[in-house]
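Across the two complexes that follow, subunit A remains constant while its partner is subunit B and subsequently subunit C.
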Partner chain A sequence: MKKGYESDPSAKGSGLASRTAPWLLGMALAVGFGHLAQAQEEIQRGGVLDFVVAGEAPSKDGHKETSYSVVHPYAPFYSLLIRVDPDNPQSTDFVCDLCVGDVPAPTNGGKTYTFEIREGVKFHDGTPLTAHDIEATYEKIINPPEGVPSARKSFFSMVESFEATDDTTIVFNLKFPSGAFLPSLATPFNWIYSKKDLEEHGFAWHEKNVNGSGPFRFVQHQPGAFVDGVRNDDYFHEGQPYLDGFKAIIAKKMSVRIQAIRGNRAGIEFRGFPPKARDDLVAALGDKLTVQESDWNCVLLFTPNHKRKFIEDPRVRRALTLAVDRWGGSKYLSRIAIVKTVGGVAFPGHPLAATRDELEEIAGYRPDLEASRAEARQLLEDAGATDLVIDLNNRDVDQPYKVVGTWLIDQWAKVGIKTEQRVRPTPQFYAALRNSYDFDVSIDFNCQSVINPIADVTKFLGSSGSNYGQYDDPVLEKIYADLERAGDEGEQRRLMRLYEKRALDEMAHLGVTLWWYKINPHRSYVKGWKIAPSHYINQQLDNVWIDPSLL
Partner chain B sequence: MYQYILKRVLLMIPTLIGAAVLVFFLLRLLPGDVCEVRLAGSGLYASQEDIDICRKNLGLDDPLHEQFIDFVGGYFTGDLGTSMWTGQPVVDEIRVRFKLTLQLAIMSTLVAVMIAVPLGILSAIKQNTWVDYLVRAFSIVGIGIPSFWLGIMVILGLLVVSQALFGVGWMPPINYVSPFDDLWGNLTQLIWPALATGYRYSAVATRMTRSAMLEVLREDYVRTARAKGLRERVVVNRHAFKNALLPVVTIIAIEFAFLMGGLVVTEQVFNLNGLGKLFVDAIGNQDFALTQHLVMLVVLIFVVTNLVVDLLYAWLDPRIRYS
Partner chain C sequence: MTGQSTVALGKIDDPIDKPALITRIRSLCRRQPLGAAGGIVVVVMCFAAAFAGFLTPYDPVANSLENMLSSPDGAHLMGTDEFGRDILTRVLYGARTALFIGLVAASLGATLGLVLGVASAYFGGIFDLVVQRIVDIFLAFPLVIMALAVVATLGPGVQNVIIAITVPFIPQCARVVRSSALALREIPYVDAARALGFSHARIILRHMAPNVMAPFLIMLTYFVGQAILLEAVLSYLGMGVQDPTPAWGLMLKGGAEEFLESAPWLSIFPGLAITLAVFGFNLFGDALRDLLDPKLRSR
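Up next is the complex of A and B:
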């Protein structure tokens, strides 16, 4: 056995958990070249995992930030109340992190959730963690004082009140039963802070300081270079973490991140690589590489500006979506870009998402492409827009924005629409999209963490703060209000179809192109980490280990 | 001489003020700001309320003249403020990167000098021979190859060659270690970008050395030295080379200044945490506070370098006197 590693016969790497929802089976694909079976391997302790991150965290405070560049290096220092199952992150089943037992079922007609909190948990500075810390944390997230930013405050609009009734119990009371509550709680940014820190140091302290109760203790952050963590020996999940520590190395250029894995300067990158990078790494590393793939809870959209001439006409917007060959695009674009799956408004494969048959009823998804394009030409003619030239706002990022933008230009050309694409650096792209609305159509996207279709589809509402189409559709708003309060899954599903039909077909408010596809090629010695349908989740690294025999 | 230096130092002040005004107002002409990139850039929901709070906290909604006074006033109070992206003090952000960029600039300049001076002299002495043609071709290739391509080729080359020779792909480390902590680790990381950058910058200096040497070698005093029966090596080294140095020193010094602020591509390709990479990040994030101080630093480096070069002239050529 190599120095620094020890085996733990009691711990076995798990395969897919038995409680995996059937709809999720097959969504994630793990291919180990020469190491196909990860299940039932003997977990080895020790070693330091080096991984690469594409960006530098703006701050260390998960509550105010929205970027994965905060989650990847800092999530291992914190715990959550509940989380996505790290051994089965493809599942929408949540498991307790700081709470005890299973995630509680609601009482009081679905409006009350009572969580029992683990005893004996300590923050890294030695302060005991109690339900009062969780209450203080959620107070900061849900009811921040004026001037204190909280990026996910709106996720908790269903919460009426919450209170720590004693050191080990916290109760959440909802205004109405909501399927979006637990996914919101499990959001990977909701790190539990110490009440003492918040009271003594204020709400901005965590922007520059770390004191969590997670599997790793913060060591240092060298600006622009790396973040270091070491094992927390007092971690409350017994026997974990397996690693001695980790180093998150900041590497903005994709070529560096790819070569870092090839040259073994890093074991893994958690966000994802395009297919060509995967193929190159597979060719270079063979059985030293494992590839995990999954559908990704991100969708690339195009947003028509409803205030612009011609685009204000639903017929023109329908023509834009009818011209796009999503089924064909999936085949070709998935070879070069991080997009693949054809879907509607909800995450593909989820019970609330449209089946293929249902999708084929929607404009732009029908199997007869030529008929769709003929209809598009007719609609343009009816709208007097036969010589339409559109100004497309795009982001100066290759994957997948520019690739898909270029593809869209070609698709629209097939029905006679000319496109002038303006590719802008990120700040200018957002200035055009969010402030000046200086576009006819803009590339847009919706990237979420925990799969929560009822919350995620708010993007399509004209009233949503993240919708830049400049429209107001009371019909769509009403369908959504009913959907948010729908009790059973059958009713939710029915309403979701109505919502989808209205947003993508009848009014064609926004156009869905393709859903992203996550590809994580990593060194085969990185074990225990399982791909999730989001680059935000499953990043605490408590179940990750290194197989020294494969180093 | 001292009066001359004092005068040049005083002249730096209007130059720096002009640069400060330009960089401050030009940056603010750009649409978008750091808060949008930070909160909306991930695609997750970002509320306008949070973006407004962010702008207020960073002082982006203060009147422009107040922001300008804050910026310039920092140089008098010694407080340059904090990065709008990371919230860390600007001085710390720059200090961390400065030592890496300085080391790389020195190493690259040394590589450039070691290539350019001997090759330039050789090319001049062997004018219009195959040696001359070869050196000229070598330098033209150096000018023509983009830095990013050369950098990527160096990394890929190392990976492929090490894989073929040892069965394991090797690439330079992507984490900086100080030469005082681990000299070998430091050199294995920085020698490759220094070679890639040094080669490119040597190309111009090689051609400059060659043409300066050709000019000097045709001077009467060189002919006299040869007529005295001095050995060719003495003629070239003692009589010709020192007098050909003036334009070469100018080029090398200006290139050094460029390297201090302009290693943008090389630092990205080799993942070096230097000033060039910081520049790109600061501009990409619309981090006005950091960008404007970085620009001022580069302006200062150029101004000081020019002064040093002027003073070097007097040392190299005793005929030059400043008063």
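Up next is the complex of A and C:
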């Protein structure tokens, strides 16, 4: 924010698009007042945006990772094939990023998508970007070799084949028509890598190195401190980015991040603050602060390790979920944490999500809490686990991991389960969750980007690349296969309920705690960024600018 | 004077010693008022740790969400935290955690340091040289850094925190004790013990170690205060005791930081507890040094 600024009369921020699906209109609850007015503001060029990030990225590879701590500092270095409309991220409208024109409509009875790729795009190392790079990228995401992690591989189970037919065309053939395909393609982790990098350096190279085609070029990463990016003058979206650069400052402690915004050491934190922090900042900064709020396509889970003694028993897992008072938790935790909504496997409010009546049929959601807890105690006794002590793996991030973790420990104590919590820094947390499976139960999450419940619920499948419960449930897999192919919404709803009942109740493979609620108070000089129902979406920062008059 | 005459009669009954003890305490209070104040803090802390369960009606870990963030009042003298847990209860139980870790780590560190220091002085030569250079290496690292390194290697948890705190104490005590033991080594009774064919272990443990008790006890009390502080630091940094265990350092993070402005009692009371405890042990240790050091005792 130290460099000169210039205005760009040709570039105007756009207002909310009218294409927004009706159910999504109710989602963005309190977009800052100044934010709507911004639609008519004149975009200013220049400046460096400092923002704070709560965690250190476990690696720099978006295909492998599932964390905001990777997306926020590294997404600005990359491009996507298609993405959620950055000017209307509350919608499920997709726009081309690397493709040309509008997102193509399917042909061949809904089974073929043909994308025309922009010409003249270059990676930051100067290598031209072609359809072959996109093919190589999706080969890594959809068909990774043994041992190469791909967190969203299961999103693409409908894909039969894909091929770059020439430098500017890539064709995806599906096994069956699927409404989940485009949302999966638009997932903001699907960064396009250079085929040359993948072939020359291997699939692990991007864990530690950056070479994208995004609006900013990677400068440096100081571990534990910051990630620096500068404007990519060769960026293919004309006139963008507006910023000269950005600095993603890593600040683990929420109090530090809040004070960074309050003291103007950072303009924004993209993940979200709890209600109390919002109130304090509003009181302190007044109109120097803009607040954007939204429901959040993110749910905090607990994942039982099915390979551990006692936990392997579905009765014990059911007891774990029966002990949890989700309705009471929502009432109180929403005052101190970034969680709020009670829901099942699908994003609450979506047509495929369970209604309250439907939820109350599931173990752990019933209105009679004492009856649920009595059943939990009985199940533990039947399983011979009355003195159960569980080792809980948790992440050293206050919101909402440690807050909800402490609450869960208390909930389980009410049915006689003792918990020894091990709070680990993010890399070690992931190592325990993904590699060593060194836990009885782990705090886990299902944070998705584009709202696409049919794809999002794959987290609950034992075969999913992002499921760490170590189980195989053919019944659940079969229900999901039917759900994926179901044509009409009524059938999808019916199958979603079966899936939910199986995953959360009958087998209690995973436990859902509460869905998150996104609150982004930011300095009013940060313009162009619009809140999405996900902290992963809209993070390329190419449409973000700084209003120097508000600095 | 009653005590003296009774001793002369060869009795060892309590009534005779009690006045002497009271007299000594009075004398200590007169000569070392700050030390006595420190001693009172230590005693109160021990009492709170031992009888926490009787002093408060609340559970230190159970959530009571309907009472979250209550300011101090008659029901909750120090208020409640973001989970509705009574702060006073957690401070009292936190004393138990602090004392347990502090006493165990300090005792282990001081004792191992004592043995190492005396042995180093007794054997001398190459053994002394090697041990002292290793001690130099350990002393080169600040206490907190060393403890952090150990706990980062071993992982969090009470046991590992004790080890992490104990390790940096050993060389500190060894260096101080060695300097006292070097003088002892030259005293004829050590030669006499050697001449009588006593084993090295016996000479070190039975003849030399008891004669360096003064610096040992001073180091021990100093270590307890330092251990409490280190435990709080490690817990605050997320590398020590884990939630929901009541621990002062742990109480200073999370909600205490987040609600610093709107609920300052979350950080004030555990902060005060840490300050008082460390202050108390340090004052007590200083007084003990003055009492045990012959050079200072005569003043």
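In the analysis below, the second predicted complex is superposed on the first by the 344 of 551 C-alpha atoms of A that agree within 3 Å, B and C clash if a C-alpha of one lies under 4 Å from a C-alpha of the other, contacts with A are read in each partner's own complex, and residues count from 1 in each chain.
One rule holds in what follows: a contact is a pair of C-beta atoms (placed from the backbone, for glycine too) under 8 Å apart; a residue touches a chain by one contact, two chains touch by 3 or more.
Not measured: the values here are computed from a predicted model.
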### Message
For A:D93, using the defined touch cut-off, is the partner it touches subunit B, subunit C, both, or neither? Pick first, second, both or neither.
### Response
neither
### Message
With both complexes superposed on chain A, which partner does A:E312 reach: first (subunit B), second (subunit C), both or neither?
### Response
neither
#### Entry: Which of subunit B and subunit C A:E139 touches, first, second, both or neither
neither
### Task
Figure out whether A:S255 sits in contact with subunit B (first) or subunit C (second), or with both, or with neither.
both
### Task
Could you let me know whether more residues of subunit A are touched by subunit B or by subunit C?
B
### Query
Which partner does A:E41 reach: the first (subunit B), the second (subunit C), both, or neither?
neither
### Query
So, does A:E207 touch the first partner subunit B, the second partner subunit C, both, or neither?
first
### Task
Using the touch definition from the top, say if A:D244 reaches subunit B (first), subunit C (second), both or neither.
neither
### Query
Which partner does A:E506 reach: the first (subunit B), the second (subunit C), both, or neither?
neither
#### Entry: Those residues of subunit A which subunit B touches in one complex and subunit C touches in the other
253, 255, 425
### Query
Which of the residues in subunit B end up touching subunit A in this complex?
30-34, 36-48, 50, 53-54, 56-57, 85-88, 92-93, 96-97, 152, 155-156, 158-159, 163, 168-171, 173-176, 268-271, 273, 277-278, 280-281, 284-286
### Task
Going by the contact rule at the top, pick out the subunit A residues touching subunit C in the complex.
253-255, 258, 274, 276-277, 280, 328-329, 331-333, 335-336, 396, 398, 402-403, 405-407, 409-410, 413, 420-423, 425
## Note on the structure
The subunit C residues in contact with subunit A across the complex are 61-63, 65-66, 68-69, 82-83, 155-157, 238, 242-244, 253-255, 257-262
### Message
Quick check: in the complex, which residue numbers of subunit A touch subunit B?
### Response
52, 56-59, 64-68, 147-154, 207-208, 222-226, 247, 249-253, 255-256, 259-260, 262-266, 284-285, 298, 425-432, 434-436, 445-449, 458-459, 464-466
